[in-house]
Every structure is written in structure tokens, then in C-alpha cells.
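The structure under discussion is supplied below as C-alpha cells; questions concerning it will follow.
For clarity, chains are labelled A, B, C, D, E and F in written order, and residue numbers in each chain start from 1.
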Amino acid sequence: MSGVKTSAPRAFFLVIQRDLRLAFRRPGEWLQPVAFFAIVTLLFPLALDPEPARLRALAPGALWVAALLSSLLAIEFLYRDDGRDGTLEQFALSGQSFASLLFAKTVAHWFLTGVPLAIAAPIAALALGAPPHSLSGVLLALLLGSVSLSLIGAIGAGLTLGIRRGGALLSLLVLPLSIPTLVFGARATELAIAGASGAELAAPLYLLGALAVLGVTLAPLAAAAAVRISLE
Amino acid sequence: MVRGLSFELDAGRALQITWPNGAGKTSLLRALSGLLHVESGSIHWLGRSIFGDLRAFHDDMAFCSHEPGLKPDLTIDENLHFAAGVRRRCNINERHAALARVGLTGLQDDPARRLSAGQQRRVALARLCLQGATLWLLDEPAAHLDAQGQALVSQLVSEHVRAGGLALIATNQPLALAPDISDELPPARLAARAGPA
Amino acid sequence: MSEWFAMNGYARYVWPSVAAALIALVWNALRARSLLKQARAEVRRRLASEDES
Amino acid sequence: MNWVWLHRFGSPPYFYRWAGRIVPWLAWPAALLILAGLYGGLVLAPADYQQGDGYRIIYVHVPSAWLSLMIYTVMALAAAVGLIWRIKVAHAVAASCAPIGAWFTGVGLVTGMLWGQPMWGTYWEWDPRLVFYLVLLFFYMGYSGLRSAIDDTTRADRAAAVLAIVGAVNVPIVHYSVIWWNSLHQPPSLALTSKPTMPASMYVPLLLLFLGFTLFFYAVMLTRARAEVLRRERGGNWIRAALETTR
Amino acid sequence: MSGVKTSAPRAFFLVIQRDLRLAFRRPGEWLQPVAFFAIVTLLFPLALDPEPARLRALAPGALWVAALLSSLLAIEFLYRDDGRDGTLEQFALSGQSFASLLFAKTVAHWFLTGVPLAIAAPIAALALGAPPHSLSGVLLALLLGSVSLSLIGAIGAGLTLGIRRGGALLSLLVLPLSIPTLVFGARATELAIAGASGAELAAPLYLLGALAVLGVTLAPLAAAAAVRISLE
Amino acid sequence: MVRGLSFELDAGRALQITWPNGAGKTSLLRALSGLLHVESGSIHWLGRSIFGDLRAFHDDMAFCSHEPGLKPDLTIDENLHFAAGVRRRCNINERHAALARVGLTGLQDDPARRLSAGQQRRVALARLCLQGATLWLLDEPAAHLDAQGQALVSQLVSEHVRAGGLALIATNQPLALAPDISDELPPARLAARAGPA
């Protein structure tokens, strides 16, 4: 037996690889949040009678609320299975940095939900009557925003890990924290749809980026602490 | 919930904990592994408190808990690859050897979902072997196993121990271990503890 | 007096606010005391049961 | 510096007795101050030259709103102490803060809305200060929710503590929102540094109420914390003694 | 041992009683969907810059999308715990009508989520600038709507029972089915906010009622069948 | 996954199934209880196929599966009240008697969440007694149970059987049953089956 100890980066990528493979075994599963996003954005034209102007005014709100909710829906499963079947316990006892292994899971999760979301958003925006030239802005905003959403979500997921009905509680914990992302993201989208210049658009995008960076630096530690507590 | 318990275990020996239900076996193992916070008392490994450098301790320790910790969607081999790989590099031959050892040859490419209760246990045992740790903490290793499977467990443990390893086993079906390598832990004085574990 | 109650027409804003504050104060005070009483009683019960056993 | 005092307060028996002794000294002054403040504010103080008598809401709105922020700060600090030094009493304190804080956040909201109608012509406005204050309420709710959702007291303490600390970012946001965003909400009216803009007959009652509310909070919180400590300290034989000696 | 066999109605109420007691052991849990509802409605004014007129126009859509999503969030747990810990298996083998036992669970669930939702809705409507006189209409619409939402959800919950990540899939199954309820509900709310007369309001409300009745007659059987399949 | 298996069991006897892991014990029991669809073959109770009137059959049958099926938030007594009450009325004395029977006296008002693996199993046994069925289907009844607990199971079964009941037991730890009331089911010819169970 024995064999050399696995290096930290190798373990990191092993976990990412593992989660991606698990996901691709069930493509249905990680596409669901996107489908959810699509459906929710479509609900608005149904619930309100859709005149173009009104819809366009509504678009940023609808897009971002839908994005926030679907990322929330997805993040609930970030740790759940691994927690239930004892994998997290094994991670905690693996001799590797727990935080980095969990961060790897978050990264994989972002690839599987954040990126598809960002790609789906421009299409949904079109359906809500956004002009084509605005789409790049929409995409960029969601790409940046989804990073911090995933990271904030990771903390919430950790806190609600042990709990039988994490779902609803999770949203109660995560939504308030996500409000800044929501506000700046929607602002950026609104400007993009209104056809603002790159310079105007930059401001909210920078803020979104700043939030993302902040998240990357702080969230993994908080998440690891939360998960450790839930494992106790 | 366990109080006033103190023991030490030296290399080359196994310790069986056969307390009655609810006596605190699981809790004790979780505490020793550092998962559960101990209210009072200390745990030492190689003379140093494990809380000093928990990760170094975990490098030498493997915990085999109630849950087999398998991913239903991955094949048995993939399960081993990822679960063991996070700790030590192990190539496919080692993995197949381990599977053969626990009597699951031929199943390595089946999805773990298919396995019955006992078959899952066996995979967990294979993982344990691959992790190549010195100290084994086993919780009910023989649960769900048929007679032949239980024999297998005893055998694995004795080999590990004979090779200088340590094993701490919480079980309700005591394993058949040679007395020269194994002891039993006397029931601890139990006491109510504040709040749940 | 009555015109003091009237608050120059602001009565319907001022008094509910004051009421809200007072309710919060009183309720919290009473709640805290009852909690302490309950805890004490519970402990007493437990100690009693321990004594007999 | 040494942490002896911290650990002294960390021992349940000491805390229980100490709190039992201190509470009366907080409760009665609080009652007097609040009554005096209300009398001064609602009866003695003159009507505001522009807001008329409507401004009297300040005497309940500002103390409650301010208190709710202070309570969250206390809660987060206690939680951090409990998390770092694994001090059960600190967790008990944090747990006792949450419901009180939620109550006064509620009062701050209601009174604010009742003030908003005459002043801004609307009960609710989507203004940063108001929104983030609402978020404060959600944090209090989330804290309690998380606590009640976890069976294991120790785990509940620690998980909730993490949340309390994370949520602390919201407090400065609420406090400075009026300055950071151009909000229609009043800017700070009472700054300890600068000389107050309103006549003494107006702001003295406000000061009394600030003080009264604060003392009131500590009295209630400590009482709740004592109950919490009793509830948790199952097997402590000091309890027997404590029950006889202290009230 | 032995003792008389439990009568069908008695078993029905026993299950309701059980679920209610379970819920009241954790008040936090069944209040969460309401909190979620509150937060989601709050997200819209944040995402859009809120001028009263625009908000009021948005209100029906926001209210109903939020209601739909939060009932979705809650329904996910209708069978989950019982399925996991083998209680449903015991129900299926209890010699009682499986459908009626499951229907009892649905009824309890509606009491715990639908009713609070209907009560919270008028308040949220106020915050979105709906006139006070419209609130009774809003309440009634949600009270009726939530019934069919719970029943439709029950079917979805049954179908996704065995599945590890029911959440997202569930929404895909349930949202399309709930669209009629959403449309009529939003219409009713819109009329109420616009201050329509009782007669005008009656039309969509009747339709909501019809949907509810339809649900009560059909859903329980479908749900029972679905759960049975997931148990196999 | 099991093929070519045929047996009958008459009143007053118990049948133990001690096939190796993965042989299909659990699957067999689930099939017999009507939970799992049987591909080919028939199951008769009192001479009639059970699928004719499943509910009548279930009235006479109790299935004790891997999961104890307890609600963590309810007290043990409440758990029994609801779980057993759905089938037969049983008053509090009966319930306490049953708890005493399985050695859990005094715990009746503790939340079930506190229980250890073995304690939960015991509650499941108490429920089984309360359900007052004629035919018992037990899957691993002795798992997680300590020696004294396993003796309890054998005792419960023999009493039930002696009182004219029937019991079908899938287990890896064969129960000590008097030969005059119990048989062993010979291993069935195994065959791969298509698709998940």
C-alpha cells in the first residue's frame, strides 16, 4: 500500500474532476437550474399582460431575480449528497486542507451552474425585448454576478448542511447577503438594455467584480468553518 | 456522553469496543478522530496532542464510519480512485487488488448504486486498505456482512495489526482476533452530558 | 388635555408609535421573567427527580 | 493582557449569580429613565416649528432603531467570543440578544413607517436606509431560524455564531446608508461630537430615552441569558446552591 | 395485542394531526416559505428603480411569481422525510387507502403553507403600493390559488420522491402545470389592485375555485400513484 | 434478481433467509410484501393471490425494513402512537408495555433523535409488536443490536410464532430459534435481472 501523499493542488483538481464527472453522469441535473431560470423569466410575460415597453422595463428585475433564485436552487445541493453519504467526513479527515477541498467543490459548482446561467441570460433578455447590442453587457454582468452568488451560497449551504429542510432556511440566509450583487447586477443590466456607453456600464461591472473578489478571499474560509460545525 | 475513560493503544495491537447499544461507541470514535469536540480530556498521538497538528494526525488515520460514503453514480473503481486518491496516489492495479481482496472482483465497473448493503460495506473496506493509514478507526465494520465477509474483516484487521498498524473497532459482533494482538475496552463509566453530543 | 391627545392631528401617527414601543418594552420584560421562572421550575423538577432516584 | 476576567464570566455559576445581582440595578433606572423621557418628550417638549407634533415620534423611533443596531453588534461580538474561546455563556448571551433585537427592529420599522406617512407622504419608500434596515430584521430572523433548525445545542450555537458574524457587515451599512446614498431619511440628528441643533427641552428627553432603552436591553438580555444558562447546565451541582441563594 | 382496526377517517385525521404536530415542533420551518415569499417580493423593488406607478403595475406578477415559487419551495418537503425514513413504506403497507393517507398529508401541508402565504400576501401588496381596499381581493385570490398549487405540487413531489435532487426537477414538472392558476390569480390580483368591482373580480376567482375543485378530485389519486412508483 | 424460488410457510413457523450479501434477501421481502413488482411468479396468502386484495393482505402483514422509520422530532411514544395507530388502535399502556418489552423503559418521552443506531432498531421492534400482524417480514432485525438485543429478537419471534404467527426473516446473523418452529430457506438459483429494482 502506502504510495506518496497527494499534493494539495492535485487533490484540489481531483475534487473538481470528481464533481464534474458526477454532474456529467446526470446531465439532466445540472441543466435544471438553467431550465428553471428560463421558466421563471417566462412566467412574467404570462403573469402580466405583455406590452413590449412594460416588459423591457421589467427585464432587468426579472432576469436577476430569476438568476438569484435559480442559483439558490442549485446551491442547496452543493454539499448535501457528500454530507449525507459521509464523503465530507472523509474530506475532513483526509489530511488535506478542508477549505481548499470545499472551495474546489464550489468552483466546480460555478462551472456547472453559473456559466450556463450567464449563457442563457442573453437569450432570455432577447425574449423580454432587450436590444441585441445590449447582450454582451448582460452576459458579462451575470458572469461576474454568478461568482459572488455561488460563493455567498456556499456559506449558506454550509450552515444549513446538517438540517433536514435546508432549502427554505438557506434562502432566508442567502438572499439578504446577495442583495448588493442583485442591485449592482440589475443596474448594469438596466444600463446595458438602455444602451449606455461602455464607460457608464463599467462602474457597476467593476463593483460586481469587486464583490466577486471579496467573496473569493473570504467565503471559502467561512464556508469551511460552517461545514466543519455542521459535521460535529 | 462518555466520562472517565482513559486508555492507550500501542503499535501492533487492535482494541475492540463492544459496549451495549447507546453506550457511546460511535461518539467515542468520532471524538478520537477529531470530528467531535471533546468537552474535557485530551487525545495524544505519538506523544503529541492531536489538536496541535490535526492534519498530520489525519494523514496517519483512517476512519470507516457507518455510511459507506459511495457515490451511486460512479463505478466502484471510480469511487475508490477519488476517495482514496485525495489522500494517497494509488494506481488501478492497487485498486483492483483491493477489490479482489474484499471479494468484489468483476464488479469494479458497476455503478455503486447497484450494490446491496453488504456489498457497499465491502467497498468501504477496500477503500480503507487503499488509504494506507497506520491507525484504523472502524465503526461496526461487520454490519450487514455475511459470515464469510465477517471472517474477511477479522483477517484484514489482523494483517494490518501484524504489519505494525493499530486498529480501534466499535462493534456489536466481536471479531475473531487472536488474543495476542487484540484487547477489549472495558465499559466506561457513563454519565449524562450537558446538551446533545 | 384632549387637545394634547389630538397632537394637532398627528395623533393617529404618534400614539400608535408610542403604543408599539410600550408593547415591545412590556412584552420583553415579562417574557424574560417568565422564561427565567420556567427554567427554574424545570431545573427544580429535575433535581427532585434526581433526588428520589 | 490576560483573559482571567473573560473566563470568570465564562463560568456559568459566576455569571448566573453576577447577572442576578446586577439586573435590578439596571431594570429600575431603565424604567425611571424611560418614563421620564417619554413625559419630557410627549408633554414638556415644545412642538417642532416645521414638523408640528408629528416629530414626537422621534422619541420612540430613534431609541428603538438605534438600540436594534446596538443589539446586533453585541450579539455578533458575543457570538465571536463564544466561537473562538468556546465559552458557553457567550453563546447564551448571543442567543438571548436575537429575539429582543428582532422586536426593536420591528418597532423601529413600524414607528418609522408611521412617521413616514406624515413626513414623506408614504409609509414605505425603497430607500437604502429602509431596505437595509429591513435586511437587519431578516438577519435576526435567519439567526433564530438557524438556531431552532439545529437540534444539537452546541452545533446550533456555533453555526448561528458564524451567521451572526457574517451578518455584522450589515450594521455599518445601515448606519452610514444615509451618508453613502443620498437618502430621503434624516441624517444623524444627535452627534456626540457636534453641538445638537435642537433646543435642550427637545434633545434631553431623547438622551434619557437612549440611556433608558440601553439599560432596559441589558436587564432583559441578562435575565434571558440566566434562563438560557440554567437550561443548558444540565448536570451542574452549583445549580442547587444557586437556586437557594440568588433570586 | 391486536385491538380494533383503525377506521379510514380516523387514520386520515391521525396523519393530519401527526404532520401538524411535527410542524409545530419546529415553527421556524413552516414559517420559512412565508419569509421567502416576503424576501422575493422585496427583491423586485430592489432590482428595478422603484417609482410607485411602475411598482404597482408590477405588483400582481411579482406577488404571484413569488407565491408560486415559495409554495414550490415548500412542497418539495411534502413527502421527502417520510419517504427517506421509511414512513411512506409503512403507510403503503398499512392496509389503509394509501391515497387518503397521502391526501391527509397534503391537507396538513396546505394549512401550514398556503394559509400563511395568503395572509402575508396583502401585506406584501401594500409594500408594492396596492391600495388598501384591494387587499381582500388579493387575499381571496391567494387562498383559492394556493389550494391548487399545493395539489399540483403534491403530484410533482410524488414523482420526484425517489430522486436525489428533486428540487430543480420538481420545479420543471410543476411550473408548467401551475401556469393556469398563475394566470387567473394574477389577473384577479390585477383587477383587485385596479379597484375593479366585485362582479368583475368574480370571474377569475370562480375560475380559481374551479381549478381548486378539479385538483381536489384528481390530484390525490395521481399523487398516490406517483409515490407508489417511487417507492418500488 | 432471484429466479426459480418457490416455498410455502404455514402458521406457527418461522423461516430464516441467510443468503450471502447481494443474494436478494431484501429484494425478496419487498417483493413478497407487494412493494416490489415481481416479474414472473405468484404470491398467495391464505390460498388467494395477494394482488387480488392487497389491502386485506397488508392488514395481516407487518414489514420491518432496514430503516427504522422514526420521526426525530417526536418522542418515542408519539412515534409509536402514530405509526402503529394508523393500523390498529393501541392505548398508551400497550405502548409502554411494548417499550418495556424491548428494554427502552423510561425513554418513552425522549425525542427519537437522541437514539443510537441500536436503540432505534428496538423501537422498530416495539412498533412491530403493536401492529399485531400475523405475518412478519423482518429484514436484518438484528443489525446494530448487541448480544442481549439479538436474544430479544429471537424471543419475540418464537413467541409470535408459537402464538400461531408466521415470520420470514432475512438476516446475516441467524437467530437462535428452536428447530421445531423454524426452517432455513435454501439459497435460490441466482440470475442477473434487467434494470434497477
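For this structure, a couple of remarks:
The criterion applied here is as follows: contacts are C-beta pairs under 8 Å (C-beta built on N, C-alpha and C of every residue); 3 or more make two chains touch, one makes a residue touch a chain.
Just so it is clear, the model here is predicted, and its values are computed rather than measured.
Hopping across touching chains, the smallest step count from subunit E to subunit F is 1. Chain pairs A-D and D-E differ in how many C-beta pairs are in contact, and the one with more is A-D. Residues touching across the subunit A-subunit E interface largely coincide between the two copies, over half of the numbers being common to both.
On a Cα centroid basis, the chain most remote from subunit E in this structure is B. For the pair subunit D and subunit F, the distance between C-alpha centroids works out to 56 Å. Between the Cα centres of subunit B and subunit C there is a gap of 54 Å.
Subunit A and subunit E have centres, each the mean of its CA atoms, that are 26 Å apart. A separation of 49 Å divides the Cα centre of subunit B from that of subunit D.
Multi-chain contact residues, meaning those touching two or more other chains, occur in subunit D at positions 131, 138, 141, 145, 149, 151-152, 154, 234.
Each of residues 37, 66, 196 in subunit B touches at least two other chains.
Looking at subunit C, no residue sits in touch with two or more other chains. Subunit F meets subunit B in the complex at residues 18-22, 26, 66, 113-119, 121-122, 140, 143-149, 172-173, 196. Across the complex, subunit D is touched by residues 26-29, 31-32, 35, 39, 42, 45-46, 50, 52, 126-127 of subunit E. Of all residues in subunit C, those touching subunit D in their complex are 4, 7-10, 13-14, 16-18, 20-21, 24-25, 27-29, 31-33, 35-36, 38-40, 42-44, 46-47. Subunit E makes touch with subunit F in their complex at residues 1-6, 11, 14-15, 17-18, 21-22, 25-26, 81, 84-87, 89-97, 101, 231-232. Contacts from subunit B toward subunit A in the complex involve residues 33-37, 55-56, 58-59, 61-63, 65-71, 73-74, 78, 82-83, 85-90, 94, 129-130, 132.
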